[in-house]
Structure formats: C-alpha cells, structure tokens
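In structure tokens below, several structures.
Next, two complexes with subunit A in common: one pairs it with subunit B, the other with subunit C.
Our next item is the complex of A and B:
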C-alpha cells in the first residue's frame, strides 16, 4: 500500500535545452531560453518575449501520420515520453500493458491546434473543421497519445490545476504506484505560444511587458512585474522502488512527500494556503524543515505573490533558512509543464550537487530569502522541496530525496 | 488509514429536462426524453442538429451577477450543483477545518462554449490571425484553464483542501469522483466536493463531432434521436449538465447522523492504448476496469443489481460495452438490468459520468431502474436486458456504472447501499 516511488527516467523539452543533458548544462550555467517571440508577430501585444523550445523538428522523432493529428504540445510530450523511457532503460513492448499507466497535467490543451480549427469554423464554415479537432486540442490528449504510442493500459489520468498541476500529476502517479501499478509515465508539457493563447494569457493580468529578455521576468526582485510564458516541460518515469531495484535501474530520487491546498476565498481574512501545503508535504515525507537542502520556488514575479511565497518559506524554514532558487527565470513559466520541469531540476540538483541560479534577479531584502542568484552553488543535496501555484489559489508541494542505499 | 471508506451524503444535479435532483429523477423514472432541436445557435450548417439543452437561468439559480460574468456556463452549472449538494447533505462545512475539505471537478472540454464565443470576437469572425486582445473579456484566462471550475466550487463551499480538475474526456465524471474517493481513503481529506460539469453545445463541438460522424443525424425526430443499444442507432446526442456530490469519510458521516446514499466501494480506470476515438470490439480494457473495481469493492459479479451503462448510442460503443459486460460479469450479464440514461439526457461528455452516478444512487434510493428510452429495434450484437422504454421497480442495492471515452479511457465504479450493511 505504501510502496516507495522513485524516478528512474526523465525527458525534457525546455526553452533553454532540448533533452535533459542540454537543459541541465544550460540551467546550471545560468543560460536563458527567453527571447523574442518567433512563432507569430508579437508587435501588437504588450509582451513580445517568450521561452520557446528551440530546434524541435517533430518529423525527426515521430511518424508522419501523427503530425496532422497533434498539437505542438503533444508532439513535445510524445518525444519527451520516449526520452524518459529510453533514459530509464524501459522497452514498453516488453512490459505487461496493464503494468504501465500515464498521468499528465494539462492547462489549456492543444490551444494552437484549436485556434486553427476555430478560424476555419468562423471564417469558412463547419465542414472545414478537422476531424482531429475532436481530440487534438482537449486536455486528455497527451495522456491518451502517450498511452497509445507505448501500449500502456494501466490506470491513467489528466489533472488540471493551472501551474500547480505538474506536481498534482506526479502525486497521482505515486498514488497509482502505491495501489499496485509498477510504473507510471507522468509530468506535463505545454505549448500555447500562439496569438489566441497569448490573448487568453494576457487576460490573467500576470504577464510581463517589454522587449528586454533580461528584465522581463524577475521573481522576488523589486522590479518584478509579471512573468514571461514559456513552452515545454518534463515527462518522468515513476516506478515502484522494488521494481526499479530488481531491474538494476539508475534512480534519480524518491518522491517522498506531497500535499496540496487551496487559498481561502477573498475577504476571509485567513492566511494563504501555501505554508500549510509545505508543512503537510514535509510531514508526508517525514522530514523536518532543517533537512531540506534547497527549495525550487514557484516564483510568480507578482510582488504580492512573491511576498506570500517568501513569507511562507520564512515561516517554515526561518529567515535565510534554506537556499531558494527559481530556474524558471531562464525558461519562463511553462503552465502545466512548469512544475514537472522544476521537479526534474530538483532531481538533477540532487544528482550533481549543484543548485542552479535565479538569473537577473536581486532579491528584495525584506523577503529574507537565501536566493541563489548569479552563480550556481555547489553543495551536497539530499532533500529538495518543489513549490508550485496555480491561478485562483492552487498550492502544491513535493519533497524529493536522494536515493537511499 | 486503510479502513477509511468514502460515502455519498449529498447530491446536486442540473441536467437536461430540469434543475435539481427531483426534476432529474422525474424525467428518468418516467422515461421522458430531453433531447430537442438545437436552440442555442443556428444549427442549419451542421449534419447533427439535435442536442439535450438545459433551460438554465444562472441568476434564477442563485448566482450573483459577478459570478455569472466571470464564469463559463459549465462553471456556473458546477457551482449551482455544488450548492444543492451541500444543502442536501446537511453538512456544516464551516465547522470543519477548511484544509480537510477538497474539491475535484471533472470536465472533458472545459469552457468550450465561452472560448468559442470569445474567439469569434477577438478574431472578428475568424478574419484575424493575430487576434485582438483589446476585445477580450477580462475573465478569459478562466476559460483558458478549466481548473477555474474547481476554484469556483472551492470558493462557493469554502474548501481549502486538495483541489483539482480531472479531465479524462468522457470518463471525467467517474474519474473525478474516483479521485476524490482515493483522497478520502488515503487520509488527505475528510470531505470532498466531487462531481463534473460540461457545457459543450457550441458550434466548434458540433463541427468536430460532425466531422467524425459521432453525433446522430436523426434531426427529424429530436425526442427519439438518442437510441442506445437500438438496432437503428447511429450516433450520440450531445448534452450538457453537472452533478456534484458530497463525499465523506464514512465514520464521520455516521457520527453526525448523515443520510448515507451509498458507499463508493470500488473504482478503477484503464486505457485501451488503441486509438484516440476508436474502440476494439472485444471490450477487454473496460472488462479489466470492471474486474478491478469489483475486486476493490469485494463484490461478486452476481451481486450487481443494476448496470448503469455508458450507452452512448454509437454503433461501436454499444457493441464494445456489451462485450465488456459479458467478459467481466459472465452469465450474470444476461440477468442484470442494464440501461443508458443518455437515451433521455444525451451525452454531456465529461459531466455525464457524474450524472450517471447520480442516476445510479437514485435508483438505489427508489428501488427503480431507469429505462433506456427509444429502444424499439433489437440489435443481435446487443443482446442484454437494457430495460427498454419504461422504468422498472427493482430491488437495487449494488450498482455498477461505467464510462468510456476518447483517449481510450475506460472507467468503472461500484456503488453499494445500506442493505448490504454499509451503514
């Protein structure tokens, strides 16, 4: 019932690196993937920067028949899943089909695909709408396509909790492993950098402005003024520890604790739910605050939200009590991919003993954060906390730990 | 922790044919159909022009003007259903720790109706590639990411526990409730507000289902257009709606003297890993989900009193599902009443799984099995007892309800009532 759950594979598609190795080389060295939007002409919009995944040619990785029926986010997710399985040394054909499931997070589905079909509908008429619109855009598509491509028939799901969803998906994957499924493909990948997605994201009031990639997304900084959207994310292979050990798999780390809370409704006067989520996740992992070696922050870059996060961290860990970082300063916020990518970063930090920096940022002194800025910090890391929040009040936290002997 | 069990103590339903549980059950038990010619927009360019629409006035249903402005129709339906469920349960949520109360809402297509309408405006009727943000409604982000549905329900009931939207296509309504049950059992929450909502009757949805001929072209007889298991069936009728439940840890529910409708005693979901919209005729994966759910419930196939079918009314689904019942229930498949309420309320995509849980629970409450309406012509491939046309008085204490959908998801849930000693 309480089988321990470990990560044995990862596939990454990020704005600053395609593949885990490229991504980590860039991230630990503070190399950003934020730049001018190239996928459409952004001149008329208040924000003209994005974190786009560079150099991804779907045809190089996927059969041609999949291309007309997939949004960019699904192509990235399918390839990231392939890489995660390869990384873990798993050949799905050789595993019983019901022993493998798929649990992904989604935020806006295949929005670019949806824009194309909506345009056909309203400019030409209903008979021009593609048959693939019946599934290519919807939130369940990545789980469905990954399960089909790899013959995975086990318990599968899709969770939507905005940018907290990546952690919720990983927790649901762990739940299924505890219930007896040996391995679950999980994580999140998003890609809504299209005009329609841009307009919908602008409505959140949380996007940054301007053209300077170094000054646009500045979490915890006095000049914080919103975020830059990015695309991509991470797909992980989660596995029952006994299963992983019996096949001699390399273990990145254990999903040791998780909790999720929701903020109180406006006007309640109650404290935001983030501190409680962190405390419950630590309790679930049976670790004390002083055991935590690094925090991967949500890093909203909205001053009020940065303050809430900083106060929650200080309340649990004490002022300057633990190193904090936000490598998403180099990728932008990846929506359903954001938390999954941070979880991958946390595992890579554990493997390499390096905390990647938060770039271009000077922390507001009031926040009393030990924010790792400018340079990577080398230090042994055994336990990492990943924090994620979603629009409306979603708070999730995951504790990952180095593999035990 | 392993003996924690989850029971249903409150129900709220908004379905075609009526607002509220009472109206919903009247429709089902009388075998009336709520499918009609589309009135929401001019359907003349579409192949399928029928749907199961709700006559829903959000203000009359208790929503405030600002709630109406910021929510897509599907979110509105979910909040109204959640409020009915809370009232029905008699639970005083403000006496609980808010962190012990969570929310899971299922939805297949989120705020499709709102997105379709808003796209049309910001693109000026599809004319602009670079759509104009100056014309966007302020709450467009809530339409973009449907986790806003769970947030709205959490605000409405003042929940601060685990909160999420489950979006697994047409099994979302079963999977959201199944997810909530798992959270109660593992101890992450004591109370879950769980259910589903979809409001997909919109031109873009009709167009894509037209393109794959999934929806019925029986436009001349809207009330008889949804024909699950009938030999003349040729597609589903799109619907809309919401059902939301109060799920409680069983011992706590008993302590406060709550009315316990049923225990969710078993749940499982599997994938067919075959095709995004296609089903293999043998039903192996759904049968596997049913078998796992029965085992979790500790229920033998022969103990099932009623099967609430997915029964969408497409050729392939009804055949697939019939095969799955035979494979998982054996000879009992031929003895147990099986029916599809989609014959009456249409197929509301992600919402219908929760609406069908509500129908299952009400069948247990009333010892009446709802019928499959419009079932006149036998199909040799669908040879079970589908309770044609009229409801049946039938002692009902253990129900199996199933769902199947795009992406290959196959889900099954077992509901167990008091007569087997859950209270």
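Our next item is the complex of A and C:
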C-alpha cells in the first residue's frame, strides 16, 4: 500500500518560542533564543551559551505522577505531543488504540535525570537510585511515555541517528502509515543542557566557544567555528491522507519524499553521501530540482561540513539555484529535536509563504548559496526540502509539499 | 514495644515523594484497602516506594512479599512486622 502521508498537527517547544505560534512569530522575525546557560553554572566550561526553552513549567502541564519519572526532554515531548494532538483535533480516547502509534527520534536519552541518579549512586549508594532510572534515561522513553499517556497501542519505536533522527523517525512513521496504521505521532524532542550532557557534547569537538550569542553559531559564514547546543524540538501528527480528509482535518502538507544515506569511511576520498540523499529524496517525491522552493539546511557551522553541504546543494540545484535557510541559527542545534523542528518550519513556510532568515550570518561567496539572511523572504512555497546530518555519517533528506486539492 | 511505627501517613508521604500523586486520585481519602493499581501506582512505583521505606527505616523487604502487598493496609502490616523483627533481633 502506498497511502499518502500528511501532517495534520504540530506541537513545538523551541528555544525561541514555546508553542507553534510563539515559535513561528520569533522565527520569521529572526528572533534568537540563544543566550547564557541558566540551567547550571557553565563558568568552568569552554562554552557558556545554549538555546534553552523559555518558561516551561512541567507542573502546569503534566500530572504529578509523571514528574518523578521523567527527564526534562520527556516532559517537553509529552506536552508537545498534547499540543500536536489538540492542533490536529484528535482526542485519543475517541480513537481505537491500535489506530495510533508513536515513532520518535532520540540522541542521548534523558541525560539530566541520569546525571542526578549517578550522583546519588556515587555519593549515597545504590539504594538511593530511583527505580525510574530503569527507563527515564532510555532512548525509547519519549515514544513509550507518549504512547502510555495517550493510550496508543499501534507500532512504536525510536530512531537514534543524532541530528538526522528527526527525519528518519518521520520516514519510519510514514512506513507504518503505509502499512495500515492511520495515525502516528512522530518527531523528536531533546534536552541535555546539564554538566554531563555538556562534557559529552564537548568531546565531539564541534562546539563553539565565546560569550557573544550573535557570533557563536555561524553556519556557512567565514567565521563558522562550531555550534551552540539547544534543547526542544517538535512533535508532529502524521496521518493517512484519506483518514485526514474523511474527518475534515486541516492539512499542513504532505511528506512527499525521503531518503537516507551513509557517508563513506573517513579518508576514503569518496564523495560524502549528502548529495545522493537529496537526489533520492527528490526522486522519491517525484519532483525535479527546479520544483523545490526552499531548502532548510543542516548548517553544521564546521567549515569543512558547510562546504560539503554547499557543494551538494550546488551540484543538485545549480549555483544560487534555490533559496537556502537555517533557522537553527536562532535555536542552536537540537540534536534529535532539530530536524523535526525544521520540518515544522518548512510546513509553516508553506502555509505562510515566508522563508525565515538565517541570522547573523554572511555566506562565504564561493559556496554559491542563495542564503536567506537578515530578513524573512516572502514567496509562494509549494515544495520544501529539509536536510539533516547526524554525527558519524548519517545523511537524511525529506521533501514536504503543500496539500494538493 | 516498637517506638518506630509505620503509619498510613508515612506511606502517603513516601508515595508522594517517590512516585508523585495525581490530582484526580485523592490519596488523602480512605485508601487503606484500595488496590495500589487502582490508586495509580504500578509495580515500578511500588519498587521505588519499597526502596525508600527500606532506607528510611533501616529494614530489608524481600521482593516477593512486597509484590504480595497489593493494598496500603497489607504494605503497612508488612513494614511494621519487619520493624518489630528488627527490634526483637
């Protein structure tokens, strides 16, 4: 079965906006959520900036029973899932349990929760470690908690491929819809702004330094020197188009194409897999390069990686062939939450006809990118491409299209 | 006899601290004979509760008898029996 898959709901928790409306208002206007770390004292670390989700009080949204057993990333994911379902007009109680599944992405699991329990382990002993540590840190915990809270007994899984995960999860959700489950909650939310998360991320060697939020994360710029970590992401409701139409749902757009590739071994001299991922995603969507109206870039902000991405885009679309943007310049990189958030932005670009800007950046001229900087650009958008790369060689690309009549 | 006695109020406090409580289930009511499942506490919540009781009261509850204590009344009796044993020993 090749059922068409559409997005009918979204819930967003991002550093520059809690809720889809706040997020989009900030994003289209170039308002950043990057600032000094407030969740712990970062003074002794080389990076002291982050994109933190503002004003989230879990107690206001979730029952008390869930609080002792959830990491911050799970609390954000549960609330974003609630918002996505409300946005889609779905009351889970009224839908057969096996008609709904959950597929999310994860990168490191519940680090802040895990850090707290490890501290209890070495300072007080094993009897002080919470029984909930058994799953609260775990990669699949967001999928599990969303499915339990909403009584969703359809297919459930987790994809772990770092920053590419958000797209890989959406693709897996589309597979499950094609196999016959009418609705899948998908996307990704991450949050590991805690000392343990910080040192783990610093070890990648890809983090920026400095204390100026406007100069710390500069993808495609001559001064690119790594990224700022952020937290949050997006949860989307994916639905079989027939199901969506029969209940008169508002449709944001269609997940029209997807592909994933893996990079060749480092030092092999072979071309990285990104260009192929883009070409295969376009082929899967049956669109030509000239049909694409905007690209949401991975935007690593490591000069070699920016060059790889710019070359892949120029190879497929021609020099300056298509507008490119990286709104994650306003949020930092959200790991498993990043690509789902970019997908939400792409869908909001389609509905509003606005490409949000890449902030504080001036593109390196020989990248030959039509990078949308400084100001949002108004233009009709029917087809958008979202590109994401995960640490270790993951490349994924998704094509989203405006709903057809 | 025992100077340390484990009461329903102790259990409620430990349940709240370790596993939280929901607004829609009133554990301040008469819950002595309500099943833990019915009160919204699944096996992991009871494992956490058991572990908190153990370290606060300095006793060891074996897992099979913890699993058999499916109501607050049964769990309170189990804990008090262990407290009495530890005093007698």
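Keep this in mind: the second predicted complex is superposed on the first by the 405 of 405 C-alpha atoms of A that agree within 3 Å, B and C clash if a C-alpha of one lies under 4 Å from a C-alpha of the other, contacts with A are read in each partner's own complex, and residues count from 1 in each chain.
The rule is simple: a contact is a pair of C-beta atoms (placed from the backbone, for glycine too) under 8 Å apart; a residue touches a chain by one contact, two chains touch by 3 or more.
It should be emphasised that the depicted structure is a prediction, and the values quoted were computed from it without experimental measurement.
Chemist: Have a look at where A:118 lands relative to subunit B and subunit C in the superposition and call it first, second, both or neither.
Modeler: first
Chemist: Return the chain, subunit B or subunit C, that is in touch with more residues of subunit A.
Modeler: Touched residues of subunit A are more numerous for B.
Chemist: In the overlay, answer first, second, both or neither for which of subunit B and subunit C A:56 touches.
Modeler: Touch status of A:56: no partner.
Chemist: For A:320, decide between first (touching subunit B), second (touching subunit C), both and neither.
Modeler: In the superposition, A:320 touches no partner, neither subunit B nor subunit C.
Chemist: Name the contact category of A:131: first (subunit B only), second (subunit C only), both, or neither.
Modeler: A:131 sits against subunit B and subunit C alike.
Chemist: With the two structures laid over each other on chain A, which partner does A:391 touch: subunit B (first), subunit C (second), both, or neither?
Modeler: first
Chemist: If we overlay the two complexes on their shared chain A, which of subunit B and subunit C does A:159 touch? Say first, second, both or neither.
Modeler: After superposing on A, A:159 lies in contact with subunit B but is clear of subunit C.
Chemist: In the superposed arrangement, which partner chain does A:196 touch: subunit B (first), subunit C (second), both, or neither?
Modeler: First partner only, subunit B.
Chemist: Which positions of subunit A sit in both the subunit B and the subunit C interface?
Modeler: The answer is residues 69, 127, 130-131, 134 of subunit A.
Chemist: Can you list the subunit B residues touching subunit A in their complex?
Modeler: 2, 45-46, 98-99, 102-103, 108-110, 115-116, 119-120, 122-123, 125-127, 129-133, 136-148, 150-151, 154-155, 158-169, 172, 175, 179, 182, 186, 188, 203-204, 206-212, 214, 268-277, 285, 288, 405-409
Chemist: Can you list the residues on subunit C that touch subunit A in the complex?
Modeler: Interface residues on subunit C, with respect to subunit A: 16-24, 40, 44-45, 47-48, 51, 54-55.
Chemist: Touching residues of subunit A toward subunit C in the complex: what are they?
Modeler: 63-69, 127-128, 130-132, 134
Chemist: Spell out the part of subunit A that touches subunit B in their complex, as residue ranges.
Modeler: Going through subunit A, the ones touching subunit B are 1, 40-41, 44-46, 69, 97-98, 101-102, 106-109, 111, 114-115, 117-127, 129-131, 133-135, 138-141, 143-145, 147-148, 150-162, 165, 168, 172, 175, 192, 195-204, 259-266, 268, 270, 273, 276, 280, 335, 390-394.
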